[in-house]
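Working notes, beginning with the structure itself.
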Amino acid sequence: MPANVYLPLLAKVISVKEEVGGAREIKTFRTQFLNGGFTHKCGQCAMLSMFGRGESMISISSSPLVKDYLQFSILKTGRVTTAIHDLEVGSVIGIRGPYGNAFPIDAWNGKNILFAGGGIGLAPIWSVLQTALLRKGDFGELTLIYGARTSQDIVFKDELADLRKTMAVHLSIDVAEPEWKEFVGFVAQNVLDKKPSPANTIAITCGPPIMIKTVIKALKDLKFEDDQIFTTVENKMKCGIGKCGRCNIGRYYVCKDGPVYSWADLKKLPQEY
Amino acid sequence: MVNIEDLKAEAKRILKGGNVKYIIGYERPSNAWKANPVFARTPEDVDRLVWDPSCIHNLVRFVVDEKRRKAKEKPVDSRPIGVVVKGCDSRGIVVLIQEKFIERMDVFLIGVSCESTGVVDERKLAKKTVGTTVLKVKFGERMNYVVTTEDGILDIPAADIIADRCLECIASFPVVSDHLLGEKSKRDVPKPFQSVEKMESLPTKGKWDFWEDQLRKCVRCYACRSVCPMCYCDECVVDTINFAVTPETTAEEKAQRIKWLEKSPADSENIFYHLVRAIHLAGRCIDCGECERACPVNIPLRMLNKKMEKEAKELFGYDVGFDAEKPALMSCYLDGDPGDFIR
Amino acid sequence: MDKILAKNDFARWLEALASYRLYAPQNKDDVWTYELIESPDSRGLADVMTAVPAKKIVFPQREELFAFEEGDEAGYALSELLPGEKPTVIFGLRPCEAKAVILTDLVFGGEFVDEYYWKRRNAVTFVGLACLKPPSPNCFCLSVNGSPHGTEGLDILLTDLGDTYYVESLTEKGEKLVKAASDLFADPKPDERTRVMRLHGESEKKLRRSLSRIEDVPEKLKGMFDSPFWDAESMSCIRCGICTYLCPTCHCFDINDEVESSSPLQGRRVRTWDTCQFPDFTMHSSGHNPRPDKAARLRQRINHKFQYFVEVWQNYQCTGCGRCITLCPVGIDIINVVEKVRDHAG
C-alpha cells in the first residue's frame, strides 16, 4: 500500500465475464496489479477507481489464498459501475485497499459452514467459500443455499455446476419457470425447507436487505444462536477509511469497522443502513 | 397596527375548528431577539406566536415541505395548512399557484400588513448596537423601531436598519389572503430597482470583477437555494443525483446524468451556480430577500435576482406574483411579447 | 515562557515573520474570516468570531488529492498533489477553534493517516486570543469541557491587557515565533501575570449560555433513536449546509473526479467539504436512503456530536462556539435541542 491513503495502485483487468444480463447486469472482473499489491482477508473490500468517474467499494470475492488475481463481481447500478461494466481485458483501473474487517474464519476451524445468499449477495461470501474449499479438512460440512429472482439472475453459474460435485448446493428462484427443477420461492423459505442443523455450524448470509432479514429470521427459527449468524452490510462510501463520515451505523463506520457483522452485534445497532 | 391578539384569535379559531392541519407562524425564543418559524398545533402553541420586525422569514418555504410530506402521508390529510404571510411572502403563494405546484385551497393565509415599515436587517442592527446585546425589537409609532438592549432602549429610524428589500417593496400588504390583519398601506417607493441601477452603470469589467470577488466567498452551503420557496425542484442542476429516481430508473439513466457543476467551490463553479439559479428564478423571484439574509458570507444575492425581476418588468411588463390567474411568465408566449431580438 | 508585547509593535512582529504565511481575522463586507494578512493592523488583532472557522486552513474546502492522465502502456499516470509545507501562523484564533483542531486530529490520524491534513496542520503555529468577553452571544465552551482562555491546541495564548498583549508561549513552535523578534518582547511584571489570571477567571463568568448536565446526554440519546422527537425538532430545517460547514469540528467530505479533458482523459481527484444534512449524503445508487428525511439527519448530527464521538473518543464533538445557532437561517438551536434530549421523559 502506498503511504498516501487516497492514492490507488494501478491494476489491469485480465478477465471479464458476464454473469447476468438484462436490467440487473452483473459482471465478474479479475484484476492484476501493475506494481505492488496487497493481500486481503475474507470479507474485505477494495475501492475500485474509474478515473474521471469516481470510486466504488466492492467486496473482494476471490480467496486470499489465490495470489494471481483479485476478483470482483459488480452489479451495474450507477455512474461508476456503468463505467466499470464498459471495461475490457487490458483496461487499467485503480485499486486501493484492503478495507474493512474480515470474517473470523480462524475461529471456525472444524465447524460446518452454511452459506445463504441471494442475487449479487453471493459475491461477498464467495471468498469464504473458496477459501474453505482450498483449506479442505479445516472446516466441517459446507452447504450453499442460494437463490435469485429468476434463473437469469443467478451468478457464478459455471462455478455452481462445479461446486455440486463437492458440496451440497440448493438453488432457488422466486417464481416458477418451465425448465426449473429445484426449489421455487424465496431464499428464506428454501432455508426452512432444507432445515440445516445449527449444531457446530456457522451461517453466513448476504443479499438484498429484505432477504437478509428473512433469512436471519428463518435461521433463528431453526435455533441458530445470534453469534452463529454472520452477514455483511453496505452503505454509500467515499473515503473507505472512516474519515468522510458518511457510511456510519451508530458509532461504527461500515468501511472500517464493517462490513462483516455477527447478528449478535448487528442487532444492537440502529437500523440505519 | 397589527394586533397580535387578533392574529392569535384567528389562529386558534381555525385550529379549533379542525380547518387546518397546523399553522406556520413566528415565535420568539426567550434568549434571542429574532423570531423563528414555529409550527403551531395546539392553542398553547398559538399563544407563543409573535409579530414584530424580526419576523423576517418567508414561511411560504414550508408550504413546499408540506407538499413533500403529503406525498408520503398514508392516509392523506387533505386539509390546508395555515400560514402567516407578509406582503412579499404572499406573492410567493401566487407564484406557486401559477406554477400549479399547490392549489389555492392547500393553504389558509393569515395575511399581515407591514404597514409603513418592514422587517429589520440583522447586520444593520448589529452595526447600531456594537458593544451591547439586543433583547427585543418592536414596531414604533413613527416610522421607527424600538430596540431594547441590555444597556437601554434605542429609538432607531426605520430607514436606518430596515431590510434593503423593504426599501424597494411593491407589496407591503398581502396580495392574497384568507384573513387580513393590519391597515392596507402603500409604501412610497421612489425608484423601484434602484439597488440594481448602480451596478448597471458600471462598465462590464467592473461588474464582472465585482461578482467574481463576491462569489469567491461562497461556501456552497446552498442556504440560498434551501431557503427559497421557489427552489423546489427534485431534480436540480446542482445535485449529482436526481432525487426523483425510482427503483425502475436504469443504471444508464443514472450514469448519463450530466454533471453540470463540480461540488468544489472553485470560482468557475460558484459563478455558474449563482448565475444559473438567478436565471432559473427569472420571472419567479418575489424578492423576499431570504437568500441574501441566509447567506453566511454576505454575498449580495438579491441583486442578481432583482436584475431578473427588472428584466421581467421592462421586457414583458410582468409583475411577479400578483395575479394567480395569469400564466407564469416563463411558461407562456403572448402575441404582444417583444420580438425585436428575432432577426 | 511569558512575555509582553506592545500592540504598537504587533505590526513589527509580523514583519519579522515574513517567511511565514500569516492569517488573521479580517473584515470583508461585514463578515469576519481568516485571510492572509496584507497590511498588518497596528491596533493588533480583532476580538471577533469569524463566520468560517480556522479549520479551512488545515482542512480546506477544496483539496486536490492527485492528478490522473491517460497514458499509453501504464494506462494512467497518477501524480500526488500533496500540499506544500510553507510555515503558517494563524493569529487571533479563539480557544474553541484550537480545541476543535485537536478533535479533527483524532479523525484524520489513526490507522489511516491523512497526509494532506497533517502536512497543512503540522506547518501551522496556532496563536490564540483569550476571550475576555464572549465573542458571540451563543458561546457555551465551558459546557463542553472548553474554556474562554483554554490552551488546548494552541502554541501561544495572547491575553489583551489594553495597550499590550500578554504572550504565553506554550510550545516550542510558539517560542520560535517570539524569538524571531525577541527585542520586541519584554518580561512581564508580577502584577501583569496576576491581572491575566484575574481576567481569565472573570471571562468564565461572562458566557451567556450553558448546557448543564451534558454528561446525561449520551446515554439518553441511545434510547431515542426511534423517537418522534427528531421529526418535531427538524420541522423547520431547510437542509442547507450552514451548521456543518461552519462548525469547527465537522469534518465530513466528498471525493469527486474533476475532468479537465476527456481525450486523452485528464483530471484531478478532489476532496471537498460535504455535510450529513444534504439529502444525498447517504443516498445509495439504487435510490435507497438510510437517512431519508430531515428527522434522521438532525438525529445523526446530534448523535454524532454527543453520543458516537463520545463513545469512540471520549470527547463531545462540539466546542461550544455557537456558530450553528447564530447562523442557522431558521434558528434551530443546538443547545435547546440537546437540553430537550437531556430532559426527555422515558
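Labels for the chains are A, B and C, by order of writing; each one numbers its residues from 1.
Assume a contact is a pair of C-beta atoms (placed from the backbone, for glycine too) under 8 Å apart; a residue touches a chain by one contact, two chains touch by 3 or more.
Everything numeric here is computed off the predicted structure, so don't read it as measured data.
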Original post:
Which chain has the mean of its C-alpha atoms lying nearest to the mean of all protein C-alpha atoms shown?
Top reply: C
Original post:
With respect to inter-chain C-beta contacts, which pair, A-B or A-C, contains the greater number?
Top reply: A-C
Original post:
Using mean CA coordinates as chain centres, what's the subunit B-subunit C distance in Å?
Top reply: 31
**OP:** Averaging only over C-alpha atoms, locate the centres of subunit A and subunit B and give their separation in whole Å.
**Re:** 49
Original post:
Per the centroid of Cα atoms for each chain, what is the distance between subunit A and subunit C, given in Å?
Top reply: 39
Original post:
Residue numbers in subunit A touching 2 or more other chains?
Top reply: 77-79, 81
Subject >> Residue list for subunit C, restricted to those that touch at least two other chains >> reply: 254, 256, 274, 283, 285-286
Subject >> Multi-partner residues of subunit B (each touching 2 or more other chains) >> reply: 251, 254
**OP:** Give every residue of subunit A touching subunit C within the complex, in rising order.
**Re:** 3-8, 10, 12, 34, 51-55, 77-79, 81, 91-94, 234-236, 238-239, 241-248, 250-251, 256, 270, 272-273
**OP:** Please name which positions on subunit B make contact with subunit A in the complex.
**Re:** 250-252, 254-255, 257
**OP:** Please give the residue numbers of subunit B that touch subunit C in the complex, ascending.
**Re:** 29, 31-32, 34-39, 57, 61-62, 65, 123, 127, 133, 214, 217, 219-223, 225-227, 239-241, 243, 245-247, 249, 251, 254, 262-266, 290, 293-294, 296-298
Subject >> Complex interface listing, subunit A residues touching subunit B >> reply: 23, 25, 76-79, 81-83
Subject >> Residues of subunit C touching subunit B in the complex >> reply: 28-31, 33, 51-52, 61-62, 137, 208-209, 235-236, 238-242, 245-246, 254, 256, 258, 270, 272-274, 278-280, 283, 285-287, 327, 329-331, 333, 336
